[in-house]
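Once you scroll down, you'll see the structures, which are given as structure tokens.
Below, chain A partners chain B and then partners chain C, in two separate complexes.
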Partner chain A sequence: MFWKYTRFETKLLLKNRKSWFVAVFLLFFFMLFFMYYSQETPVPLDKKKAIERDTSYAVFEYLDLQRHDLPEVAEVYNYHTQIQSLLGMQTWFIGNGDDSEQYIENGLEINSLRLEVHELGNKGIPEHLIVPREEILKEDALLHYIKDNNLPIESDSFATNHYISNVLTMFSGLLFLVIVLISGNEMLVYEQRHQSVLRGFPLSFMQKVTSKVMIHFVYLYTFLLLGFTLGSTYVAKKFDAGEFSFPVLIYKNEDYIAISTGQYLVYIFLGLALATILILLLSILLNMLFRNAFANILIGLGIFLLPDIAMAAGFKATFLHPIKYIDIFKVLSGDLAIELGNSSIDYWNAMTTLGIITVLLIGVIYGINKFTYHRVPKEVPLEKAF
Partner chain B sequence: MLKLENISVKYKDKVVLDNLSLTAKSGEIIGLVAPNGTGKTTLFNVISNFLKPNKGNVTFNGDLQYKTERKEISIHKQLATFPDQGDLFEELTGVDHMKLYANMWKGTTKHVKEIYEQLQMEGYVKKKVKTYSLGMRQRLCFAMIAAADTPIMLMDGVMNGLDVANVSLISKRLMQMKQEGKLIFVASHLLANLDLYADRVIYLKGGDIIHQQPLNESTDEYMKLELTPEQYEKLAYTLPDDHLYIADHLCCIPIKNMSMDEQKEWVVRLSAYKGKELTIGPLGTVEYYEKYYHEF
Partner chain C sequence: MMSKSMIVHEFKMMMKNKKNVLFIIALVSLILSYCFLILPAKETPDSFDPEAMKTEIKNLEAVSEGMIARGGTGTGGYTGVAAYANNVYAQKVQSRMIKAFEDDNLNRFIQLRMKGFDYDGQSVNRDWRLYANAPYSYLDQSREVSLKNLRYQGYLNENIKVTYKMIEQKTALQTVVNFLLGTTAFMVLFCAIYFSSDMLSKDRQHRTILQGLPIGWYRLINVKSMVAFFYTMLILFGLLLLTVIIIGIQNGFGSFKLSVPITIPSTQPDDYFGYRFSEYDTISIAKFLLLAIGIIPILIYLFIRLNAILSLIFKNSWIVLMVSSLLLFSERIYYSRTLTELFGIEISNMPQTYFDFGRIISGEKYYLVTLESITYEKGIIVLLSTVLVLEVTLFVVSQIVSKRRFYRKAA
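Right, the complex of A and B next:
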């Protein structure tokens, strides 16, 4: 009966115009985003290095003012001179010098020196010109990865990562949440419009829920993967940006590690899969509690924004942080850990937490359903909703 | 097969069912008759556990009750309810609906074609429901429950909106189902039609069953004649004590304890009322309905 019921639900999904709207959106979002974004070409690596070198040079103006009076500033000045020299060499090696190995070695040394400067408290360097520790660690991890995997450094070799990270910044988080909430907002509620047809099936409630979540997950995920593949194919053909072995940095255990773009995408899509299931189960629960499709979206959004509202109000509500783990891109990049001031938020912790929340949601749904069979009517008879 | 014990459904300001008890066995068609808002649908909802009563039990086959979800599923495997035509899926076809019910209860759709052929639905059953008239939708709803083919069926308003031909078609199918040993509850306002296939008719009033009319057993016979209240008043003192004057128009004189001569005497006396039809027979559903619901 379960698979026959699932087949019927699939038929309903395919007949639903809203489903097709969401499917078309997912199918073309990435490609349209890439098409829009292609109007801004990514800054090539040699230009980035040139800008970095010039920005770094500006530090000397501030150091010069104090180095004669303060020995710590003088020490920082010495380190910075070496850094500046190495930056100049890097700019040469990425450009006409064309020596990836030397570029990497210089880069590693620059990072080491910058960390020394951090140990000295960045004395004499204004706030806006300090390279953050996280950035240094990221750069270090990236260069080590490139060195260990013998990858070439070319100006346009970062293009893949550039496009992918930009589209995922846009998609992961609020937009993704809204899409899944819209898709699943009527999963149970629509049955109220066809109550006498759908009531009384010899099928358990949890089997029905499993069927609905499964169908919605498969359809959403399929179109998500198709859409991403379509977009990636477009980007690869148009910009020659199909280099998936190139590293991407992820945050792990309060540090940054580099992994290949391919591996990164596996992590992202696993995270999106788990987040999709969680949001669909949340939709089921909200349908059970509020019996209103619109409330589903509104309350779902409200829950997602709770941590931001709490922070804005000055409350440090750590227990609300897991809500933000749905934004898997931010979790992987470490931005969420920085934003929430919680260094323990990395991919593995987030996935474990999301998994636990998913299991909890299943438990709550199961519990509410079970409770309806034990409730004793007092003043009014009890009507079964679903 | 089914037993209802002391079922009570009460809202804050209204009692819908009040200590209602009923038993039913397989191979029976039970008609349920009452005006709108008297509790027919509520009773069906209680039997199928769509509504949990304030008090009372529903028991199937001697031991199955709606205590847990697992038991509910066991019961629902044997019970199907008549869907409302307004709840059908407009974008799906009639066959889709029938196959849904067939799959959910029988696990197969092999019998679906035979059912829609029997119900003369071939001309439209493969089209989308949004193209159907009211009668076609109603027939589809019946076809769906026929496709479910469960031992117990609850049919609320099965004849609503059907023309004479379709009422006849479905009545025949109901009689076939009875032969197959099904227990069927039919809530209907087509009172004379119930007499054709129901084994008994239950009348609800004040939240309880006020009368159960067995239709297949031999019942008391009456001489029945339409009389105006004025005509009745003139005749009343001569009528036997156990006579009935239903809904201010139908005079019913029991002939059970009358000798043949007394019966002939009454026929002659009543034939004096020109233009009125005198019939002899048991009270039908229409007459009981008028007796219980139209008298003030």
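Right, the complex of A and C next:
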């Protein structure tokens, strides 16, 4: 019976025009994004280094105002002259000098000098020109990875990462949530609308829920993967950006480590799979509670925005933070840890928490369903909604 | 006679529609949480922190003393800049600013602040994706300063009692104006799209009752559009009233005479050979709101008619909602600071440029894209012609997708 029901649900899904629209959207989103984004080619590494060198030079304007009078600023000035000369050498080595090893060595030395300047409290450097500590640690991890794996570093080495991280920044989070919520919002409400046909089905409620979640998950995930593959092949062909061995930084245990792009993509898609299942289960729960398809989306969005509102109002509600774990990209890059001020949010903790929440949701759905069987007195007929 | 009963019926359906009620509840809770939780603690770019300024004065004093100690109180060698004299002047202005602020002499405070010694790293609350990649980015900064000075001058010119909340732009009228000026203005249009997205599709659920109503198909669509239009305007007006009352009680109402700075094209003659810098002027809040009230109904009507066409074609309220929203935000897809032509047509002739109506009225759109033909008057003309095109299209589509075909059960 279960498989017959699954076939039936699949046919329903295929007939619904909304699912076609979502499928087309997922299929073409990545490719269109890359096409649009290709209007601005990513800044090559040598230009980036040149900009960094010039910005760093501007710090001298501010240091000069105070270094003759305040001894702390004079110390910072000493370090900064060394940093500046190393930056200049780096620009040479990545450009015409073409020496990857020296580039990396200089980079590591710049990082250690910058950390020393941070120890001194960055005296004399204005707010907008201070390189944040996280940036230094990230650069450190990247360079160590490149050094340990003997990867050659060229001007356009980081192109693939650039494209992938851009599309994922845009997609992961709110857009992903909205798509999953929209595609799953009528799962149980549909049954309520066609009660005469669907009410007497000889299938238990939990099995029905499993079937629905399974179908929607397979459908969403397949199109997501297809769309992403399509986009990546497009980018690989057009921009020669097929470098999947280059490192990407992720945040782990309050530190940044570098892993290859391929491994990074595996992590992202595992995270997206778990997030999809969780959001679909949440849709089922909201359908059970509110019986309205629009309520599903509004309340789902409201729950997602709750931590933001709480933060803007100044409440430090740490129990709301797990809601934000759905944005897998931010969790991996460590931005969420910085945003929420909680340095223990990294990929493995987030995945465990999401897994626990999923199991909890299944438990709640089961519990609510069981509750409808509590008829007191016994003569009252059973009013099951689904 | 039938039309009248239809109007009453449609109105009741819209008011009872769970989706609308939920959305209104969501909006009201957003407004309440903004007014009570976020607004009191919010630091706007116009906020003033006396403590931070006192620290800055101390730093300047230290630097000045250092300059005296090594005799560096003259002009710089190569640039001719008199750093020491500048520092002394800055210290004087800043300490007087603090005193004026603490004495609540806000007119004097504003005059001192306009001298530009108030270094606030936090920039104005703008949509940074719109401002990025400017060909000449220093023009943006000088524009920010000019607009701020014009606004402050406005506080002084009108003989109104200036309060700190007014300077921070937290009063009721100023909040409404800032809401309409920025990207948040899209919420107004999204409400119209949301409320009318299922106006035709929900009837498909109750085919046996509604298919046989003795009213023509085109007339029925018109009646529904009209009801949706008035419903949307009513809800928007109610939400506006709620916001104004709550913020008015908290932070004061503000005055209609306050100035909203606008950017207008250069008034130099056509044969001027230099760069045509934009010029800045002000309009009162009253005029701004009148202009906004002039353009908002046209936009809402446009989207409701668009929703009608899409409902006839797609018959599914979700697709209508998503496609309309995509069209609403379509301008963001191709937007850049230098793009002035799309498929060979200038963007000032296309309606989606004018969906961002706050920026059209304040001239910011013209400034961002540097296209002098984007003006409010042209916007009204383009939008009205789009409405005309949509009306013709709707008539044609309603003849093709007849009532029987619409109610045919497929998806």
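What we mean here is this: the second predicted complex is superposed on the first by the 379 of 386 C-alpha atoms of A that agree within 3 Å, B and C clash if a C-alpha of one lies under 4 Å from a C-alpha of the other, contacts with A are read in each partner's own complex, and residues count from 1 in each chain.
As a working rule, a contact is a pair of C-beta atoms (placed from the backbone, for glycine too) under 8 Å apart; a residue touches a chain by one contact, two chains touch by 3 or more.
If you're wondering where the values come from, they're calculated on a predicted model, not measured in any experiment.
Enquirer: Give one of first, second, both or neither to describe whether A:Leu298 is in contact with chain B, with chain C, with both, or with none.
Expert: After superposing on A, A:Leu298 lies in contact with chain C but is clear of chain B.
Enquirer: Going by the contact rule set out at the top, does A:Lys11 touch chain B (first), chain C (second), both, or neither?
Expert: first
Enquirer: Regarding the shared-chain residue A:Asn369, is it in contact with chain B (first), chain C (second), both, or neither?
Expert: So A:Asn369 only meets chain B here.
Enquirer: After superposition on the shared chain, which partner residues are touched by A:Met1: those of chain B (first), chain C (second), both, or neither?
Expert: first
Enquirer: Between chain B (first) and chain C (second), which, if any, makes contact with A:Ser196: first, second, both or neither?
Expert: Touch partner of A:Ser196: chain B, not chain C.
Enquirer: For chain A, which residues belong to both interfaces, chain B and chain C?
Expert: Residues 15, 193 of chain A touch both chain B and chain C.
Enquirer: State the interface residues of chain A toward chain B in the complex, per the touch definition above.
Expert: 1, 4-5, 7-8, 11-12, 15, 193-205, 369-370, 373, 375, 377-384
Enquirer: Under the stated contact criterion, what part of chain C meets chain A in this complex?
Expert: 18-19, 22-23, 26, 29, 33, 37-38, 41, 62-63, 65-67, 69-70, 83, 121, 133, 205, 314-316, 318-319, 322, 333-334, 336, 410-411
Enquirer: Which residues of chain A touch chain C once you look at their complex with the stated criterion?
Expert: Going through chain A, the ones touching chain C are 15-18, 21, 36, 39-40, 65-66, 68-70, 127-128, 182, 193, 292-295, 298, 302, 309, 312-314.
Enquirer: Taking the complex as given, what residues does chain B use to touch chain A?
Expert: Against chain A, the touching part of chain B is residues 9-12, 45, 48-54, 66-70, 72-74, 76-77, 79-84, 87-89, 91-92, 96-97, 100, 103-105, 107, 144.
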